[in-house]
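In the two assemblies presented below, chain A is common to both, partnered first by chain B and then by chain C.
This part shows the complex of A and B:
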């Protein structure tokens, strides 16, 4: 395996995805769950642009990446607003604790 | 030379992602997240996707960070991350396996020469992918409505007035 820029970017994308998945598995705080989703999405945006670059259709890669960025921002905004409301109502942000509460 | 730049930028991004994951204080995680966004946008810029790089920098490192800090200021200082339910070695093993399998599947696909003949973003976005623009408009509108609904304070006695 030679360390060309393409291979390094691929390893970087895989690394970011791995750290994001790991964080998603071990995290219990609702705000931090949103953060881990953000890390995953950053890896995906990078992968989309990279795919556009190597296939010679960078415009298409940029277009889909822009859509993903907008959707990701909306997810973050709604997720954070939800976390604030959950904190106000239940007094905690711990996901396992919230899932056992009624109401 | 280009390989070294990519290596340094992506190593920095992965390090920041790791620190954001293991950091106990969520404010520190937020700052690491902004760093990841900045480093990622530099890599995207170097790949030639300048518009998306600017968008990622302004939205990822700017807007989302501000929103996170605002949410933390509302939630308060008890926003600490407790210990995980899943044992960390198990999570690490699972993620390592999945990542290696993913790399093994994707690696042969990128062993190609880069094809030239690019079309600019504006013509793709406004001609062949115009549905994406409409989806983005709907998403932004629904996001704003969702946030207004979720963050709205309930005034006391409102439900009684409605029932009366």
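This part shows the complex of A and C:
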């Protein structure tokens, strides 16, 4: 495998996805969960620009990526706001301790 | 050039949403609180009623054969049978939920936010149903998801609803990452994102089929989180049972269905896999039915039980769609879309009537508790209309003739038998058995309400206002009438089925 720029970007996408999913599996802290979601989205943004580049439709890929960044910021804001409320009600951000709904 | 009336359906709720919010924020004086709450409610109701006007106009254009398309650069919106069906569902339930929420949410902290988010969600869902390109589809989808996170976690002083909201957000966000990866795969291989363009690009012989199959799998997983396909459903019972009752009705009645429509649209452009999607849908349908029914059987909280029963109903719908995709049969799709509509009516009615009971028994006595099945004892004496509505809803969901739920299940059933495929017929028998099994948890509710003597709690319940009972009665009659005259919905289910078959056509 040669290390052309395109391959490096592919490795970057795969790496970010790997870090994100691994982090989601092991982390117990709600803030970190939101951070991991952000890392996953960064992989997606990279993938979209990359897809635009290799398909020769760079403008579409970039505009898509820019919209994803905006939309995802809102998700992060809502997620962090919920985390703040969780901290207030439960007194903790530890995921196992706030899992009460079962069945 | 035809008038683009359908844009109104999307724009009116979206424009009204900030206005509703601002009108709720005007003036801070305590004495005006009551008047402000009234203003917010009436504005929201006015907005949704106004949105009916462009809907009726669009239906007129559509039925006379006109097409409506709206294209700027890469943004592509258009009206077809499926969008009209979705719009009809969203507007019907939206109107009734806003009417119901009037007394239910009165005086809650952040009432104006509730209506603003609800209207936003309604507008975004109609937009989603009209989306004609893959990226737009994602933008509307994500917008709908964000507004629903906020609504699920609306009771922010309650730990359980925060937990449900957080769970929903995380799972949904991962789903949306999957969808975006699928979109990136499609973009890399097709070079465009509008649905007809992709279809054209992939019709060539040298396409990378593996990449499109991968994209399809990512779409199934990503949208599957919102549709609550079985291994991805774990957010659903929490979110549906912890949200305010009106929102539970919206989530169960339209949000998961609209997610399904988004999934169908995304899958429709991938080349030549209709058969595989058909089989996949049928398999997931069977799994959803069984799992939803078995888990619903052991629930003690009514709203949680209804949430699990949504899983099994998504199963019936998937089964109908699977038959349609597998054998290109319109009848299956028609049955599935009819069940989509009926499920909206019946599940909406069930959640709203449970909400009415929660309101009468708990909320008006300043209690926040979940309604257990045993709490229903003897409610028929105190609240005859609500009990009747809930009974009709659950019996309809269980598929008792001559209610609406039976008719749509029957249509799917007939379509399945017409395929003359032994496996599909076996699935149909399995579906019928599941339908019977579901009565095992619906019937005890009716028994509880009518045959047990009321507890002290029920006797201490407060009276319900007309605005709460009226939507229930309207929906109850709709369920009964559609049971006797299922052809009343043909005007929208047949075009929707035709659209689906054309979308997945070779």
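Definition applied: the second predicted complex is superposed on the first by the 100 of 103 C-alpha atoms of A that agree within 3 Å, B and C clash if a C-alpha of one lies under 4 Å from a C-alpha of the other, contacts with A are read in each partner's own complex, and residues count from 1 in each chain.
Keep in mind that, in the parts below, a residue touches a chain if its C-beta (ideal position, glycine included) is under 8 Å from a C-beta of that chain, and two chains touch if they have at least 3 such contacts.
Here the structure is a predicted model, which is why all the values come from computation and not from measurement.
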Chain B versus chain C as contact partner of A:89, first or second or both or neither: second
Examine A:74 and indicate which partner it touches, taking first as chain B and second as chain C; both and neither are also allowed. both
Go through the superposed model and pick first if A:6 touches only chain B, second if only chain C, both, or neither. first
In this superposition, which partner touches a larger number of chain A residues, chain B or chain C? B
Let me test your reading of the model: by the given contact rule, A:50 touches which partner, first (chain B), second (chain C), both or neither? both
Now for A:25: first (chain B), second (chain C), both, or neither, which partner does it touch? first
Do chain B and chain C land on any of the same chain A residues, and which? 17, 20, 50, 52, 54-57, 60-61, 63-64, 67, 71, 74, 78, 82-83, 85
Under the touch definition given earlier, write down the residues of chain C that touch chain A in their complex. 74, 135, 139, 142-143, 145-146, 149-150, 153, 156-160, 162-167, 169-170, 173-174, 176-177, 180-181, 183-185, 187-193, 237-238, 241-242, 295, 298-299, 304
Chain C contact footprint on chain A (complex, rising order): 17, 20, 24, 30, 33, 37, 40-41, 43-44, 47-48, 50-52, 54-57, 60-61, 63-64, 67-68, 71, 74-75, 78-79, 82-83, 85-86, 89-90, 98-101, 103
Help me check something: in the complex, which residues belonging to chain B touch chain A? 2-3, 6-7, 9-11, 13-14, 17-18, 20-21, 26, 29-30, 33, 36-37, 40, 43-44, 47-49, 51-52, 55-56, 59-60, 63-64, 67-68, 70-72, 74-76, 78-86, 88, 91-92, 94-96, 98-99, 102-103, 106-107, 110, 112, 114-121, 123-125, 128-129, 132, 135-136, 139-140, 142-143, 146-147, 150-151
Touch list for chain A against partner chain B, complex: 1, 3-12, 14-23, 25-29, 31-32, 34-36, 38-39, 42, 45-46, 49-50, 52-67, 69-71, 73-74, 76-78, 80-85, 87, 93-94, 96
